[in-house]
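Each of the next two complexes has subunit A plus one more chain, namely subunit B in the first and subunit C in the second.
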Partner chain A sequence: MTAAGETGIVFRNVSKFYGEVLGVNRVNLTIPPGITSLVGPNGSGKTTLMNLLAGLVRPSRGEVTVLGIPPEEPERLFQVVGYCTQFDSYPPGASGREFLLATLALHGCEPAAAARKAQAALERVKLAEAGDRKIAAYSKGMRQRIRLAQALCHDPQVMILDEPLNGLDPLARAETVALFKQLGSAGAYLVISSHVLHEVDAISDQVIMLSNGYVVAEGQIHGVRAEMREHPLQVRVRCSHPHALAAAVIGHPQMLDARVLEPDAWGSPGLQVTTRDADALYAEINRLMAANRVPGLDIVSIAPADDDAGSVYQYLVGEAGGGA
Partner chain B sequence: MAVYKQTYRGYEGPTTPEWSRALILYRYALRAVFRSKLLLGFYLICFVFPLVDLIAIYVANHASFLAGLGIRNFFAINRSFFYSFVHYQCVFAFLYTAFAAPGLVAPDLAHGGLALYLARPLRRFEYLLGKILVLVALLSGLTRVPGLFLFAVQCVMGGAAWRSANAWLGWSIFAASWIWIIGLSLLALAVSAWIKWRVVAGAALLGIYFFGAGLGGAMDLVLNTQNGGLLDFMQLHLLVWSDLFRLAPPPLALEREAWAVLIVLALGSLALVLRRVRPLEVVR
Partner chain C sequence: MTPGARQWLAVFRREVRKAFLARRGWWIYLLALAPFLLFFAYSVQTHIEAGQRQAWAAEQSKHLAPSDFDGIHRGTSAAELEAALGQPARKERFVRRRRGSHDEIVFNDVYWYRYSDGSTLYDISVVNGAVTRIQRRPGPSLGDVGVLFANVFEFFYLRLAVFFGCLGIFMNLFRGELLNKSLHFYFLAPVPRARVLSAKFAAGLAAAVVVFGGSAWLQMFLLGRVVGAGGLEHTAAYLGVTALACVGYGAVFLAAGLLFRNPIVPAVALLLWESAVPFLPALLKKISVIYYLMQLCPVNLAAAPGTPALYALLVSAPDAIRPVTAIAGLLVLAALVLWISTRLVRRMEIDYTAE
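Let's look at the complex of A and B:
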């Protein structure tokens, strides 16, 4: 078995065409361990990329390897890959546990090991009590969790999860995100597609943004945002004297704009500064505070306003990405 | 920057042999078929005819019993008897297949289940093998096994003379059943793979049987030929079986043509199945 982290997940100049329809084009990627989110509007190539990764479709050009294993070797590949599709498909009449046992049997687990793993997977997705009920009687969220369980139950090193948070209630969502983070921080590879951009921010170690079959950005979201020099950064400062602070910072050569904000829910007024260099702004505010240039200034918080996945996505994909 | 502790370990324990994966699908699919009381009941009803034939063999081999009933000319247990058995039992097998087979592949296609199956250490070939094995097992239970059982009973009861004169009949029953099983299994899988709705797929399979027979009959009538039998799934087999059972050839010797049509039908069905059974359905 290939060790985790040996070669990562690699796409080398991969293109996939469905007849004359473009799936993805000239994709070069190396996906490291941790949580990687695929973001893009409908038809941008997210599912094609996942299917290429899972060996369910073959590239028209280029090659894909998962921990050094090509998709032409399903016996080896699927021992290290778990795939959670969007499809709601189960053996008729099966309970959650039976579904997992069948899945594990297909992965080559002996019955005793399969029983242990099925129980562990049910506990992981908080379905231990409902494990012996028929899947047909599950709620939408429970079905989503059993789908997730079948992708995780054989302890794969790579998990490909297509919209895994769909249909989950807030509590289940939080528990599932915690599970992803635990797996990601332990060194597993999680490739997740999601339309919920604030969740992408919350869970991802890195993002891959797609538009019309092309990878338009990849990496850690803050790094991607920092590279977008044509879009100056927005920094939101919650403070006691926003007008005075605006007057003090606007003269700095890196500052482009300052706008006073309405008080937030806690009654704290604020200022939104547009800058070419966020670090320069932070240094300037430190200098102002140290020199007491704005008497009585009390800073409550300073945070970037547009280096989240939603903003980056909006800048890169624009209005075309409205579907995501 | 994320820090990865690299503590995650994938499964590294022993696994079952690769060749056994198809058998897992077979086991689960067979269990699903017998979970239906309707299919189980139908399957059991299909054994009524072999039971009647078993009684007939017993009666035919007990002259004193027949004499007691005042019957002098009871039918003989010979090639025609076993030919008729295979013929009628295969009709039951076809009807049973029309109900059981659509549930094998159609639901997987309708609900995107193939992506789920083929995202496992399982190839398309193994998936199809697992599914076709279910039909082979079910149809063997209806045709080959009872046929050979009846033949074995007759061999015991008929005595050495009958045995030595008719030993070849065992092979005929075996071969005729296999031709039917393979052809029907492939045809049923093809129909199940192309028609996603179970009921419609079952109806289509019955349609192939009856429409082909009707069309063949109409063709014979209108064109005054006997080639219409080549459009009739059952008639095709009867033509081939008459050769296997060394029966008098039909008026127009179409055995070779029937063999050719059966082979084309089997290969065509296989091609249709392979074209359809893919992990993802690409709609252009």
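Let's look at the complex of A and C:
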């Protein structure tokens, strides 16, 4: 990684207005390596934030740098940045491979190196066999993957991915997520936009939550949830004898509520506990089991019910922001 | 080849293909070919007339040369005429009725003797047994078709066909990509935007010069064939003027494509401006493309006798300046407009949702 790379992706007091319309306002962010998801409903400012990163739009106020490079210098910026947009830009009649070769020619690659990189990119997105077919004959998912190949064919350190899982079938989705994780763990910066919040949980190292052009939260999703003290945690316990367990835990000072759940698909009954401190609940359940205070108690699973991106986003912006 | 040159070539190749094969660009070919079609019809007509001249020459009783008609003049009798030229290919009689000097009705016996020497038709009018008029109808000469071409070229081709063709080609370079939501292909690559602009301009110019220069050459070749020559005089000059028109209008419409969403607005404004050049003050004249082009057109139509005043004003060179000055002036104007375009494209934002 370059020395400039140490600075990461930085937004300093960035605002963008489209005439009278707010794009994003007073954004201060430092995005570290790994997978960062931009979360928010349509119109929340995700694409504006990514376009600001790529220099497709310019901030009305403030400053953006990517690994120390301002977006006003595309000849430097796009040596390290790849952007997978939602829009097609294929030359008419081009095959997937020709499209990648044209992209690499724009990067100034020599033909032999371009052919090598195009093949590698096609293999990475599992399009090697279809690489010589016309893009016009590709399915929606294949088009999404060739756009992804275009964004990563020059081995960028930073990838900006606008709704990259749209149109992918479950298998391709899993393969693509694995690819993102591989790139993220190798130290690349992946900035991914999504309005499908359950995807975000599966992918992200950290999230940036946007609503109406404002950043409402940023960081690791569990960390963000832990900071929301005004919303007690919901913990779901699948177990035998849920009524007895509810009676046992409700007396604890950190427990606020306990509600017995219907049996799940596997027939296991359960209990949802509202608590100010999840760790205190886990300790209390351990203590009850060790002391055999609930005879015959068998715990099947125990997991937080509302520290996923969808719940956090709902808490932060209310029903109006719900895109999950 | 340097990486920068490879980038430039990559943009150029892609843009040339798009410029020639644009689905919305078929009308540009039609515009470029319109004068060719006009001249093709003209050449068919002249071919038919040439055939008629040959046929009449074969039908008449004697083979005639132009010098045979030198001895025929007003007052020659019909008998002398027939003795000198033989029986005509066509001899048509009609009676002309006219009012005499004392208001009486006079009937004149009129004959039309029609001869041909193979290249010129002769209509000889014989009234009451004596020649009264000889009308010669030669085939078109190189000079005639040269003037015909100059009229079409200066009034229609430069001012309308090349003008609107360049509008279609060059405004589409950036506006078209915004409408197709594909401009990000270039703006998300490590290519300086000025390089993208220069390659796009060069591609548009190549397409415009091939289409409009090619059509101009075809027109001149066709007219040359009409008069039995390989082409018209001043071919190189006309092709040069066409190429310079593409440079000038191309630069202007490229800039307009960066400034305006609707091409009608700059097109109408520029058309009015270019038409008003003869009436503009000296300094403002120089901020137009047609000002320089008219200096370079090789045929001075305005000087031809019988040219209507307003038409003469439009097709005349506004000032007498040397060709090299006119060429330099046009290139400086185009370079200035392209420099402004470079500044505009560097600040350009892509917001497809606003399109």
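In this section, the second predicted complex is superposed on the first by the 316 of 324 C-alpha atoms of A that agree within 3 Å, B and C clash if a C-alpha of one lies under 4 Å from a C-alpha of the other, contacts with A are read in each partner's own complex, and residues count from 1 in each chain.
Operating definition for what follows: contacts are C-beta pairs under 8 Å (C-beta built on N, C-alpha and C of every residue); 3 or more make two chains touch, one makes a residue touch a chain.
All values reported here derive from a predicted model rather than from experimental measurement.
Superposition of the two structures on subunit A leads subunit B and subunit C into a clash. In the superposition on chain A, A:58 makes contact with subunit C only, while subunit B stays out of contact range. Of the two partners subunit B and subunit C, it is B that touches the larger number of subunit A residues. Once the two complexes are laid over each other on the shared chain, residue contacts for A:298 go to neither subunit B nor subunit C. When the shared chain is aligned, subunit B and subunit C each come close enough to touch A:103.
In the superposition on chain A, A:132 makes contact with neither subunit B nor subunit C. Of the two partner chains, both subunit B and subunit C are touched by A:78.
Of the two partner chains placed by the overlay, neither subunit B nor subunit C lies in contact with A:264. Contacts of A:89 after superposition: both subunit B and subunit C are touched.
For the contact definition in use here, the residues of subunit A common to its subunit B contact set and its subunit C contact set are 18, 51, 54-57, 74-79, 81, 83, 85, 87-89, 91-92, 102-103, 105-110.
Against subunit B, in their complex, subunit A makes its touches with residues 1, 4-5, 18-21, 33-34, 51, 54-57, 74-81, 83, 85-93, 102-103, 105-110, 113, 117, 150, 154-157, 183-188, 205, 220. Residues 2-4, 6-7, 9-11, 14, 17-18, 21, 181-193, 347, 349-352, 354 of subunit C touch subunit A in their complex. The touching residues of subunit B, counted against subunit A in their complex, run 1-18, 21, 24-25, 28, 32, 35, 103, 107-108, 111-113, 115-123, 279-280, 282, 284. Contacts from subunit A toward subunit C in the complex involve residues 18, 51, 54-58, 74-79, 81, 83, 85, 87-89, 91-92, 102-103, 105-110.
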